[in-house]
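A, B, C and D are the chain letters, set down in written order, and residue numbers restart from 1 in every chain.
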Amino acid sequence: MTLEIKASIVGATGYLGGEMTRLLVDHPNVEIVDLTSNSNQGVPVWKFHPGLRGILDKEFVGLDIDGVASESDVVICAVPHGAALELVPKILEANEDVKVIDLSADYRIRDPAVYTQWYNKVHETGEWLGKAVYGLPEYYFDKIKKTRLVANPGCYPTSAILAMAPLFDKGAVKADSVIVDSKSGVSGAGRKLSEQTHYPECNDSIKAYAVASHRHTPEIEQEFTAHCDADVKISFTPHLTPMNRGILSTIYCSLKGDLTTDEAYGLYTKAYSDKPFVRVLERGTWPETRFVRGTNFCDIQVTVDERTNRAIVVSAIDNLIKGGAGQAVQNMNIMFSLDERTGLMATGVYI
Amino acid sequence: MTLEIKASIVGATGYLGGEMTRLLVDHPNVEIVDLTSNSNQGVPVWKFHPGLRGILDKEFVGLDIDGVASESDVVICAVPHGAALELVPKILEANEDVKVIDLSADYRIRDPAVYTQWYNKVHETGEWLGKAVYGLPEYYFDKIKKTRLVANPGCYPTSAILAMAPLFDKGAVKADSVIVDSKSGVSGAGRKLSEQTHYPECNDSIKAYAVASHRHTPEIEQEFTAHCDADVKISFTPHLTPMNRGILSTIYCSLKGDLTTDEAYGLYTKAYSDKPFVRVLERGTWPETRFVRGTNFCDIQVTVDERTNRAIVVSAIDNLIKGGAGQAVQNMNIMFSLDERTGLMATGVYI
Amino acid sequence: MTLEIKASIVGATGYLGGEMTRLLVDHPNVEIVDLTSNSNQGVPVWKFHPGLRGILDKEFVGLDIDGVASESDVVICAVPHGAALELVPKILEANEDVKVIDLSADYRIRDPAVYTQWYNKVHETGEWLGKAVYGLPEYYFDKIKKTRLVANPGCYPTSAILAMAPLFDKGAVKADSVIVDSKSGVSGAGRKLSEQTHYPECNDSIKAYAVASHRHTPEIEQEFTAHCDADVKISFTPHLTPMNRGILSTIYCSLKGDLTTDEAYGLYTKAYSDKPFVRVLERGTWPETRFVRGTNFCDIQVTVDERTNRAIVVSAIDNLIKGGAGQAVQNMNIMFSLDERTGLMATGVYI
Amino acid sequence: MTLEIKASIVGATGYLGGEMTRLLVDHPNVEIVDLTSNSNQGVPVWKFHPGLRGILDKEFVGLDIDGVASESDVVICAVPHGAALELVPKILEANEDVKVIDLSADYRIRDPAVYTQWYNKVHETGEWLGKAVYGLPEYYFDKIKKTRLVANPGCYPTSAILAMAPLFDKGAVKADSVIVDSKSGVSGAGRKLSEQTHYPECNDSIKAYAVASHRHTPEIEQEFTAHCDADVKISFTPHLTPMNRGILSTIYCSLKGDLTTDEAYGLYTKAYSDKPFVRVLERGTWPETRFVRGTNFCDIQVTVDERTNRAIVVSAIDNLIKGGAGQAVQNMNIMFSLDERTGLMATGVYI
């Protein structure tokens, strides 16, 4: 008998909500219950997500927390940062059997003071923040399996943590030396219209933004520190790149002692030998975002620059999939004891 | 018990060969036997098709016609025009049970004289040209079901024929009035390096090419004529568009009598009501190639311009899927009595 | 002694206003007086047009019609359609020596009834509509030289009229047979944010819009008819193409009698031998929008398809220059008896 | 009376040769003598550089060293690395009055051993290497004015040196801490066809290349060291970005002592107050490559990240102009005692 998971998405009109919907449609064990949008009740879902035209015959409904909580096995929250703060506990408390995967940043930062510092909001959620598990399956698999609340990682942090954890775990990295330089496709800026995402303003051009101030910084630092014996502070610079999807992160760190490229490479192949969604590329090949377009993979390559005794690591993900909706499906699979690859192995359109 | 089709691809290193491989990997009823490339024997397939890295663990093999014919239930030929002329009969004759789907143009043109005129080659294939079925499932389903040799349609013709057949079938079109103006993504020009597909020479720019001389012209005319009571001659202009995938065809024709937009629209919804891969868009919405990116759909919209008594039809396909590899899978499904949608319903990356 | 033209732009914050400003800055005979924007008074101009940072040290001012009219030799109106209706006469009447070049459509359509039909506005401008000259210098040079009011042509019409006038002038074109299929860069949609110009919604994708209903249709028809012995009605389809700048128009027409490609080509080289901004490309080369990027050129190629007895003409312009601001400068040069090339011969960035 | 410089370009068919030609055409004091290409003698220049069609009526000629040296006041060498090694002395020695600007790397590295290490060639050029001046006008103006041989800087080094010199000159930078992360448009890879610059392989995707091994590394280090009291070793990673033109460099360095963002910003505004082609952007605005597209500007912004005591500097240039041909013109202007801005102030197409 096939397991069927009843899943709902709260706030399903954005790009991440759309990608989430798309992946749930393709998932063999999921029945979609509710896709909510308070401002678009009654609108066919494919009007917002045209790839689903002729595939998904459903309309957005208004949010009824009790209803959605009681009819669903899992609720995916795709609402903006801040809005999930109160919403998540309400869902979890409305039905003690329901599980929640929150795509926002609201339950990712374990220290409420740090959250307040970067997000300008007070975190008054009692017990739930403590119960939330950071949903990076490659490192929190067992906790994810047991929790009712997964805080799905940010796109940039996913690309950075998977890229750096093996070096940190080896104790090879100087804690104060890490620089994360990330290049993101424009879908990462979301569906809301803005001057900087108006086509003629970003086509054929690249720029840095939120220099030394992006909110994913504390999230990356929290997880780097979890793999390190000292507090890690990083410099993180995101860039808006003229492409639809993808994040490429180029990461630099000074090494504590000697480490050859061979040894560094060995750390990665070992760390990820049993992780189905991390591909350590063959030596000599560096990640390209198109390699992972449309997939849940994270591609990684590493080298040690002996001239400077630095390791340079490059990772590539699809920001909407491994950096968002795909990772949420992977977490859902684990929470429901499915093979974590279920519904995620369709090949991508690399051309 | 599940049907398992043993499938091979001859000439699998190009973009169409890669897309074919990708779709066969995703197909639940296919076991891939041989992927051939005489010049790349022993090279891992993912070296050419990086989206398959970690998914398909196979190497290219040299072409052994007897071997591939005897071990396969179906052979897909993805060799260049001209090369399939002799290859296809050899495969079909090496094993009387094997079926062939030819992606080249060599068996699409039923009149050998027309073939010679446009392709500068003599067609000396005896009986096989006569047995070949033009593989457009929406119009040749029954013949495809029974044949051993499918000539898979060209990308531009697919977009044009699906767009125009309902109007022709109604007898509404003046035979000498049809103009097909098509815009293709650069993957349609193939994997071979050329100045015109060098990134800085085609990025952020559009151009027409092969004006009044493109080889898909007689193929489109043959099929238009099959739906018309008179010989159809068209003007066809393809354009190289700065995008990876997709063909948008804008087609103009003069109408014989009166026809309202409502009536024209009704012809389409009726013609395609039971065709799973043709979506007649809701009134007011015009096709965009991104709507079909990564899918086997053909999206269509029609209007009648009463000022000029012309119908204007716009269709969009993914040139590598409905315009090539996806249509081949659809044909394969029909030839093996599977639901024609099998393996083709994964959602596309419309963003 | 050098002529110095005092020029002002009313409504200078949009893309066309910015391109206009840029070209006036580069013009050796122009002193910029006022750049107006009622909602951005006091804002440095380079804040809206970053290419002018460090080059133009000026701020937007509010619109004072009497002031701008009295201090300027020429006022370029870059306000939206409809807004120019009343504004243009006010400027012309405020100073009887000032000249006006209007970039909107408001004074292009000579028949007020046609204007009302397509623009949903009544044209109550008394004498001024009759005095306006359609500012296509290749065909209205002498009238432009003498007028105080130039209606600067639309971008699509410029590409279409230059492409078709030689064939019409020869009497070779069947009046009811012309189809204009145009592909425009996204800057043509202007600076206003919209879903269809949000980067992820138009990148790597093409679509038709305003099918059989675009407002440039009557403008093209008016000018085609001016070159024809019968009323011309066309089918016109614009397409949104993933590039910043450029319009490529592919135009089809049936020929009345016999005409060879050689003869047709000869019509073009003759018609444009003394027109500095029209380049009839050498035989065998078809226009690409990048060839004219950043320039005031219109590139043209023609062929006769003997199979269908149609002529196919392709033209390429930079929509913001020959399709707008550059043509306005060309008109200004003529109105002030300068060489029409003045300030317009900087080479373009074809890569 | 106007100065007229007779200028020739050796190796004028590539992208840099084309941009060089274009800028010389636009230069008011230049008469172009010879544009050489041994393999394309007699071919019209616009066949390779279509933006010059109708503007420059000239053909490529074969290289006659004595002829080009004797007829020219300045020869710009746009031949590949390695080929300039012998060519440059031959030109200089053929006519003792001729000046040479070499666009290759062959005369940039002052230490021949370092050159050999990175370029795998021995530098046997006697005196000329010692006489070559590194052509970065912002820092070598006086030497450029007096030399006969300018080694025009590389594109990446230009973006990096202008970005970092003010901080180094202040003595604020830890010599072993500098990381240069650069993103280049595809024109930087040149005109030669390659798989990685085939449109479908790089469109809508980004990747790093030549990680820890790019040949511009020693050039950047040489110039950083010239501004520092210690030997500087850097990590440098270039990225291939889906756009035609532009380099954005994001540079990280640890600070020796305390430095506020205000103080750092002041270093830049002071250093570049009299440099016409460096624009220190207003606080809060970060460079975008489109701001400098088609221009000779280098845009810069800096911030101090107090959390990590690092400075982060971002610079943007047009790789073909300030990163190549425009800088060569600037050097030529200085060598011939013209205002360094001559012929370089045309506004760019920022949209």
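Quick notes on this structure:
In the analysis below, a residue touches a chain if its C-beta (ideal position, glycine included) is under 8 Å from a C-beta of that chain, and two chains touch if they have at least 3 such contacts.
Because the structure is a prediction, the values reported are computed rather than measured.
The set of chains touching chain C and also touching chain D is given as A, B. Set against the Cα centre of chain A, the chain with the most distant centre is C. Note: centroid distance chain B to chain D, computed from Cα atoms, is 47 Å. For the pair chain A and chain D, the distance between C-alpha centroids works out to 39 Å. Annotation: 37 Å between the Cα-based centres of chain A and chain B. Touching two or more other chains at once are residues 15, 185, 187, 200, 203-204, 242-245, 288, 290, 293, 351 of chain D. Those residues of chain A lying in contact with chain C across their complex are 15, 185-187, 191, 193-195, 197-200, 202-204, 242-244.
Remark: chain C residues 15, 18-19, 22, 25-26, 49-55, 187, 203-204, 244-245, 279, 281, 288, 290-291, 293-295, 297, 299, 320, 345-351 touch chain D in the complex. Chain A makes touch with chain D in their complex at residues 176, 179, 181, 183, 185, 200-201, 203-209, 211-212, 233-235, 237, 239, 241-246, 248, 250, 252, 286-290, 293, 301, 303, 305, 307-308, 310, 312, 314, 316, 351.
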